[in-house]
Amino acid sequence: MTPTPTPSPGRTAVARPTGTRFTRVLGAAVLLGMAWLVLFGLFLSPNDEKQKAGVRILYIHVPTAWLAYLAFIVTGVSSAAYLFKRTRSLTWDRIAGASAEIGVLFMGITLVTGSLWGRISWGIFWTWDSRLTTTAFLFVTYIGYLAVRNLGGTHQQRARRSAIIALLAVLEVPLVHFSVKWWRPLHQQESVAEGKLSGLMLFSLFVGLIAFTLLYVWLLLHRQRVMAMEDALDDQGLDVALAERRAEGAQV
Amino acid sequence: MSTWRIARLIAAKDLRIELRSRIVTNQVLPFAALVMVMFAFALDNDAVLTRVAPGLVWLATMFSMLVLVQRAFAVESADGALDALQVAGVRPGGIFLGKSLALAIELAVLEIVLLIAAVVLYQADVAGSGVLLLVATFVAATTGLAFVGTLYGGLAAGAKGRETLLPLLMLPVVAPVLIGATRATEAAFGTNGATSSEGWPWVGLLVLFAALFGLGGTLAFGSLIDE
Amino acid sequence: MEPVVHLAGVVAVLGGFPVLAGADLRVERGEILLLRGPNGAGKTSLLRLCAGLLPVERGEAMVLGCDIAVDRTAVRNRVGLLGHANGLYADLSVADNVAFWGATVGATAEEVAASLERMGLAGRLASVPVSRLSAGQRRRTALACLVARRAELWLLDEPHAGLDAAGRDDLDATLRDAAAAGATVMVASHELERAGALATRVVEIVGGQVRT
Amino acid sequence: MSTWRIARLIAAKDLRIELRSRIVTNQVLPFAALVMVMFAFALDNDAVLTRVAPGLVWLATMFSMLVLVQRAFAVESADGALDALQVAGVRPGGIFLGKSLALAIELAVLEIVLLIAAVVLYQADVAGSGVLLLVATFVAATTGLAFVGTLYGGLAAGAKGRETLLPLLMLPVVAPVLIGATRATEAAFGTNGATSSEGWPWVGLLVLFAALFGLGGTLAFGSLIDE
Amino acid sequence: MEPVVHLAGVVAVLGGFPVLAGADLRVERGEILLLRGPNGAGKTSLLRLCAGLLPVERGEAMVLGCDIAVDRTAVRNRVGLLGHANGLYADLSVADNVAFWGATVGATAEEVAASLERMGLAGRLASVPVSRLSAGQRRRTALACLVARRAELWLLDEPHAGLDAAGRDDLDATLRDAAAAGATVMVASHELERAGALATRVVEIVGGQVRT
């Protein structure tokens, strides 16, 4: 990630746009990747013998799920990086926050696509399969995490609080991943890893994976820069507020 | 100043506080949804679930309601505002109706979400004819719950250890609502082959209940809240 | 003319403890009465009793012509009480709070604005939620709510505490005006110089009784 | 002053407050029992009940626990005592351990009652061999719950709308405990023909969980509570 | 000798509002410093900052030789704070409260008894639960807890408010003794006569700054 300097002179920070050449190229790549995903996912890849065209949901469902994992892990790692004295910087906190937001978004997509798929292949939107439930919990946990980020206090307080929550929350990811092993599942077992997918399906899945990965990185970069600017704005607002506050004295 | 104007005044105040603090939308709703998920998980067994879905909707409503009522009176007794209200000569009946109104509105929002959750999560679905019944049930039950909640919330507000006294006081009283609403909802959902016609008597019970506590509260609230 | 407050041998009990042990008191219309006395003497209890918040165990107590030993609620909408607590809604803005309490007696927007003005809360502070006020600013807000209530009998429990010099002047002026306008004021306070200068009469409370 | 001595000091204080106010015994216990009865109402169907009894015990525990945790921190933040505690330089780790300890003790009392209630109400019965498993489960789960409760309770204590933020934060996290404890208890009760040997892995999970939050809390509590 | 409190251009923020807007202050050992200033000036904020309860946003702040801008927790067990709130446990008796706070610094039973004595709480009141005390009696209890804490730096926010004449004398005596014994005392108050007589130095706070 390209770290943004902690925003002391707010104005300059705000004047700077969130795009750089790199992110523009990246954005183009994202569009391209999505186009490929549509091409392969909807047209080139074959129907599944059991699930017919329904299987095509896979190309969104699984990548978003995995990217959500990644996002949450990134949140955890950068939270740790923040807590670790020598690397302490609000940039880590912002990355953590941004990543969590994207993760929640992706996990949401997983849930929606999943339940749609469930309607198709199981005939129901939702069931108390272990993976589905644990996924739901993971989703809520990170909503809670975002709520904690909004508790207020100084930036440092926000960072410290949420970092701890993040470190505790990330432990749920393996819980979701292995849930299919631990509890009687209805949900798919590991099928990709065991190579149960036909070549073209697998390829389409990887296209999707790459496309969403690019999207994730792109979103992350922009989001955390926007956050940096928000923080900068706070500080800038503080300068104005300080002037007013001092004026209180004069008028007395 | 008429009791009714005071009620409006207080309901408006409570709702404004809610708007400012966003508690219901940001926290109670997720909580309620979560409660449903918890139930579902604790009894993970679809056969069971769909059968008991109506009951769970109401259980979840009730637990979330406990939170709401607590909040509603925490706001009053935090800084001795309840005293001030009394001295302000605000008619107890007015306070009661006002707070009930606000509570009912918040509850309604809550239940709609829970209902949707139930339909999605537990694959409960409403038989066409049942819709009317369902609406009737919800209106009656909500009113009743709001009245009971306010009545006992007010009673507990004075006492110390409020947060724990409240559930104790409320749950047993609410049991009839729970049963009535559950049965009526089952009828509406057509669970266990119940037909909506079977539901209406229950709605009757709910209405009776609501009327009873509405009246009781309006009359008795004064002597309940003043220490 | 009948007194605004007339207590004879009033006994009040809280949790088995006689907070008032036979209090006798007579307050005429337009008076500003200072209640002084050591901590735990019963000043707050006396004020709460007059406000109809404390049941009369024994003795007779007439407030504004109502016998509160019989019916405590009758007087309530005619008295205004500022206790140790402020009775404010932390999530609402200063203006919203004053507006609400004003509305309970049907005060108009102008009257509400006037009350804010009176306690120096117009301007930036008016729109700040109470949860973000300093102690003294909260006290001012509570006073503004009281002013907006336009009561016949004002009961104030240590109103000066937490107020700065300007606030105290605002307060004293407000109370004097109220008394001049025919209201009756009872103030419990430990700031004898300040409150003494304000009061038209001083009584001392000791051990739940009024010493005369 | 050692962290552990402070923990004992605070636990003693909390328990004394409890003794004075009798909240757990007079209010939370009945509440918990009530919750069980409510469940019984909501899903009145013996076949189902016995099957889901273990899950219900833990659901009830959790809801009662929400009440307890709220109370535990209401006591602190009511009059700004949490501030005072911090200024008193009382080590956050100590506060955490102390409050967890008190909470765990209160929870234990609670669970025993619930368990008995379950056995009586739902005709659940413990397979002889399962007793040890059951005890282990309860100890592990209780510790875990106490830690989680204290951790998030402390976090929410500062925030406004505390009473509602708490459940949102806590429920998803305690879900694993709920699952683990339920499965282990099922094994102990021999529900659905589960054997107690199946239970032990779950106890392992519970212990892991408790250790995790115990450690996390002791280290991180300070930065969570300071506003 | 280094100062007990040394603030230079300290800025502190609450909810986006700069409660302290560049405060400079230097307090020597053994001083009794009075902080005066209008409501909302920042007195409470300043005291809370010195107690390590309010994060330092900008500027440098040394308290008892610890840099609280870096680590706020270091000073905590060495300062004692009496805020607007009392920080008491309502269900516990007066004695239990004082004993608990005393225990946090390992005070002996004698020292606890002495603190109760000091604030005139020995006797009946000692065993009464705080929830049944009058406002002033609670304030006394809070002060007794503070005394039992034997801090190096005492921070008091309007300690006189709510105390009766006797209580104020007890308080002043206590603070003088503490200062004489080498502690440092900072008092925020609006009761300028009373607190002014007590203080060895007075500074005015306005608009989040210390006016000199």
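Read from first to last, the chains carry the letters A, B, C, D and E; within each, the first residue is number 1.
Heads up, the rule we're going with is that contacts are C-beta pairs under 8 Å (C-beta built on N, C-alpha and C of every residue); 3 or more make two chains touch, one makes a residue touch a chain.
All values reported here derive from a predicted model rather than from experimental measurement.
Student: If you average the Cα atoms per chain, which one ends up farthest from subunit A?
Tutor: C
Student: In terms of C-beta pairs in contact, which two chains are most connected?
Tutor: Result of the pairwise contact count: B-D comes out on top.
Student: Suppose each chain is reduced to the average of its Cα coordinates; what separation in Å results between subunit A and subunit B?
Tutor: That pair's centroid distance is 36 Å.
Student: Where the centres are mean C-alpha positions, what is the separation of subunit C from subunit D, in Å?
Tutor: Chain centres of subunit C and subunit D, defined by C-alpha means, are spaced 45 Å apart.
Student: Could you work out how far the Cα centre of subunit B sits from that of subunit D, in whole Å?
Tutor: Roughly 26 Å separates the two chain centres.
Student: I'd like the Å distance between the centres of subunit A and subunit D, where a centre is the mean of that chain's Cα atoms.
Tutor: So the centre of subunit A lies 32 Å away from the centre of subunit D.
Student: Could you pull out the residues of subunit E that touch at least 2 other chains?
Tutor: Touching at least two other chains: 15, 17, 38, 40, 90-91.
Student: Of all the residues in subunit B, which ones touch at least 2 other chains?
Tutor: Only 21, 26-27, 30, 34, 41, 45, 160 qualify.
Student: Mind pulling the residue numbers of subunit A that touch at least two other chains?
Tutor: Within subunit A, residues 133, 137, 140, 143, 147, 152-153, 157 contact more than one other chain.
Student: For subunit B, which residues count as touching subunit A in their complex?
Tutor: 26-27, 30, 34, 37, 40-41, 44-46, 49, 120-121, 123
Student: Quick one: in the complex, what on subunit C touches subunit E?
Tutor: My answer: residues 14-15, 17, 37-40, 44, 84, 125, 132-137, 139-140, 157-158, 161-168, 190-193.
Student: Can you tell me which positions in subunit C touch subunit B when the two form their complex?
Tutor: 51-53, 72-73, 76-81, 83, 85-92, 96, 100-101, 103-106, 129, 145, 149
Student: Using the touch definition up top, name the residues of subunit D that touch subunit E in the complex.
Tutor: 1, 6, 9, 13, 16-17, 20-21, 75, 78-81, 83-90, 222, 226-227
Student: Mind listing the subunit A positions that touch subunit D in their complex?
Tutor: The touching residues are 133-134, 137-138, 140-141, 143-144, 147-148, 151-153, 157, 160-161, 164-165, 167-169, 171-172, 175, 183.
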